[in-house]
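Shared between the two complexes below is chain A, which has chain B as its partner in the first and chain C in the second.
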Partner chain A sequence: MKRFFSVALGILTAIGGFVDIGDIVANAETGARFGIAHAWVLLVGVVGICVYAEMSGRVTAVSGRPVFDLVRERLGPRMALANLAGSVLVTVLTLGAELGGVGLALQLATSVGYLLWVPVVAVVLWAALWRAKFSVLENVFGLTGLALIVFVVAFLHLGPDPGQLWQQAAHPGPPQGEDWGTYWFFAIALFASALTPYEVFFFSSGAVEERWTARDLITSRINVFVGFPLGGLLAFALMLTSATVFHPLAMSVDSLSQVAMPAVLALGELGLAAALLGFFAATFGAAMETGLSAGYTVAQYFGWSWGKLRRPREAARFHTVVLGSIVAGVAILMTTIDPIQLTEYTLIFSAVALPLTYLPILVVANDRGYLGNRVNGRTANALGIIYLIVIVAAAVAAVPLMATTRMGAG
Partner chain B sequence: MRTSRKLAVVAAVAVVFWAGLAVQLSRADDFRAYHRTVVQVAQGAHDAAQTAKLTAQIKAGHRATAAFTQAAFDDAAKALAGAQKQFAGQAPPGERGARLRDRLAPLLARETTAFGDVLRAGDDAALRAGARELDDVARQLNDFITGVLTGGN
Partner chain C sequence: MLLGFDLLDRQIVDRDGQPVGKVDDVELGYDADGVPRISALLTGQRVLGRRIGGGLGRWIAGVAHRLAGPGDRGPVRIGIEQVGRIGSAIDLTVSRGDLPEPPLETWLREHLIGRIPGAGHES
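Entry: the complex of A and B
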């Protein structure tokens, strides 16, 4: 019974923890401008993160070591350094965007400007990462993130036109007034939002924190193959509500208040409360994950003692990197860059850095020295290679599309 | 390749990129650039009008907290101000551009007035009236955008 509850809790946490500021922004923006013509991209992205998260979970559960540790050992310090540089840069930018998202959620709840909230949120985040147990952090924010189910309920209340939505989903492409360049630009942003690099590093390092062994492989797979797709459904609900409310008005979405509006229109103050709680939990939870991920990757690369299983004094350099990342995230926001814009940039840079993250995972997951007979099977390799090709194509196209479409402005 | 050569290649690429950027940014405004700006301004103003309209409807229906509607109005105001700043920052390059400007400017002025009326609305009836006005402005901005994109000017 205890094991059942543990698995159920893992699934719920995976669902609630799937959505972050990137998913919120990318899904709401694409829903408003393109309807659900990008639904297939979300599906492709969710399957992709499942494929690679399963690999990294398996690598960690079998070897007892986090993926990044093995990447350095298997591919050498140079390749791992490229991986480290790309992923840490994107992770710190993402951390800044998540902190901004928390600030914006609090601004919507209190009308106090988000920039005033950011330093407060940063201190609370640091204190939480310093003091609280890993499982408490993961479970509390993962479960609270389930409040985003309000967008599923709101979608049903809004009385959508199923025929219209099906038409959009079945005929992918730009609607009138948009062009293929912006369509693909947003496709890449949406794809990158599902496959953000920090997610696999957090998943794999978290497995070490929770002392997974080969016996936990089934738990890992259930979390990935049940929790992530259901989490993807929450992201899809954001796209659906945005497509239902904003797309018919031919308007775009560029603020968090707009993202919350469908829930307010459908369910009033209750919907607003749930949406804000969901935004807060999703962004604060992701801020914790990105802060820890920055510490994990740097500490694992340099071979330092790391993790929340150890006392802070025993992993001082790890905690210093975490603190430094939080300070860097706050500094980025203090330039007064709009957090939504920061998120958009982060998604594009994330797309560029994706191959650096996912190629090494595929290599390590095929190494019998670490995994014995638990190396990738044919299906995992076929999917892994197909996704790697898609990831490389997205990485190559991201910056040219960003320039030619002026960040999707058209 | 030796490190010094690699560095030289990277530096050359950076210089070419920077020079390209400088040429791009210092190019004199032409009608195409102005046309693009006008469309972006109209789209920004249209989004602001729709957001303000929805917020006014939410406020009139007492469906959200004052903090939320205030923040949503602020977001719409910021979007409108951004569009107006962009509009004011670029002069029309010729007669065709001036015609575009003269069609868009009254719509922006009308939206500013309607937005102001909504912000200082004292009761639900005034909010609803303001929302209707914003809806009308948004529709006209949408027609303007469609006309400009399909007709050229």
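Entry: the complex of A and C
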């Protein structure tokens, strides 16, 4: 029974934890501008994160080592250092974007400017990572993130036109007034939002902290194959509501308050409250995960002791990196860059860095030295290779598309 | 055993499973018959910096050297006799406390992390 609850909790946390500021922004923006003509991209992204999260969960459960730990052994110290630099840069940028998202959610709830909230949020975040029991935090924020279900309810309330939505989904491509360049630009942002690199680092490091063994493989798979797709459903609800409300009016979404608007239209103040709670929990939860992930990757490259379960003084280098990345995240926001814009840039940089994360996972998941007979089967390898091709294509196209479409402005 | 594939860059953990560092380099010696043998594992940013090479490598090694201070005894050396099993990590037969502590960890604990309230509490 206890096991059942832990699995159920894992699933619920994965659902709430899947959505972060990147998913919120990318889904709402594409929904408004393109209807749900990008629905297939979200589906492709969710399957991709499932394929690779399953691999990294398996590697960790069987070998007892987190994925990034093994990356250096297989890439060598130089390549792995370049990989580390890219991953940490993207993770810290993401942390900045998540902090900005928390600030914006609080601004909407209190009318106090987000820049005033950011330092407060950063201190609370740091204190949480310093002292609080992580499993409790993860569960609290994962469960609270489920408040985003309000967008599913709102979608049903809004009385959408299924025929028209089906028309958009079944005919992928730019609607009138948009071109293929912006269509693909947003496709890449959406894809990157589903496959955010910190998710796999966090997933496998968390598994080490919870001392998973080969017996936990089934738990890992259930979390991944049930939790992430349901999380993807919440992201899809954001796209659907945005497509229902904003697309017919040819409006674009460029603030968090607009993302919440469909929930307000459908359910009034209660809808607003649930949406803000969901945004807050999803972004704060993701800020915790990115802060820890920066520490995990650096410590695992150098072989330092790391983790939430150790006393901070026994993992001084790890905690210094975590502290440093929170400070860096705050510093990025203090340049007064718009957090939504920061999120857009972060997604594009993530897309560029994706091969750095996913190629080594595929290599390690085929290594009998670590995994014995638990190496990738044919299906996992076929999917892994197909996705790697897609990931590389997205990485190569990201910057040229960013330049030619001027960040999707067309 | 392939040196580059099975030993270099692998995580070293002590007998309690606590991380010690990575195998940043190995020390080779010769036995009585003149056959080269691995005599020790070396770990620490100084050795790593040498392997990375170039300006960046020199910088990493330089910082590590400065942090080690005047009583610098060189990189952490783990004699091959202290190595137990080699699996997905390298298990030592000794405890982490018996080995010299990496200077960066000591410095950060004394100057930053250890000074923050709650540093000694498990969460």
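A few comments on the model shown:
Note that in this section the second predicted complex is superposed on the first by the 410 of 410 C-alpha atoms of A that agree within 3 Å, B and C clash if a C-alpha of one lies under 4 Å from a C-alpha of the other, contacts with A are read in each partner's own complex, and residues count from 1 in each chain.
Going forward, a residue touches a chain if its C-beta (ideal position, glycine included) is under 8 Å from a C-beta of that chain, and two chains touch if they have at least 3 such contacts.
Please read these numbers as outputs of a predicted model, since none were measured by experiment.
Room for both chain B and chain C is found when the two structures are superposed via chain A, with no clash between them.
In the overlay built on the shared chain, the residue A:269 is in contact with chain B alone; chain C does not reach it.
Between chain B and chain C, it is C that contacts the larger number of residues in chain A.
Looking at the shared chain after the overlay, A:107 reaches chain B, while chain C stays out of its contact range. In the superposed model, A:409 lies in contact with chain B only, and not with chain C.
Figure note: vertex chain A, arms to chain B and chain C, all at CA centres after fitting on chain A; angle 130 degrees, rounded to a multiple of 10.
Judged by the touch definition given at the top, the superposed model places A:252 against chain B, while chain C stays out of reach.
Of the two partner chains placed around the shared chain by superposition, chain C is the only one that A:310 touches, whereas chain B remains out of contact. By the document's definition of touching, of the two partners only chain B reaches A:260; chain C does not. In the superposition on chain A, A:171 makes contact with neither chain B nor chain C.
Here chain B and chain C sit at a least CA-CA distance of 8 Å once the structures share a frame through chain A. Touching of chain A by both chain B and chain C, each in its own complex, is seen for no residue at all. The residues of chain A lying in touch with chain B in their complex are 107-111, 177, 245-246, 249-252, 254-255, 257-258, 260-261, 264-265, 268-269, 272, 409.
Per the touch definition, chain C reaches chain A in the complex via residues 6, 8-12, 18-22, 24, 43, 45, 48, 51-53, 56, 88-89, 102, 104-105, 108-109, 112-114, 116, 118-123.
In the complex of the two chains, the chain A residues touching chain C come out as 63-65, 69-70, 72-73, 76-78, 80-81, 130-134, 302-306, 308-313, 316-317, 319-320, 323, 369-370.
Across the complex, chain A is touched by residues 40, 43, 46-47, 50-51, 54-55, 58, 61, 63-68, 70-72, 75, 79, 138, 142, 145-146, 149 of chain B.
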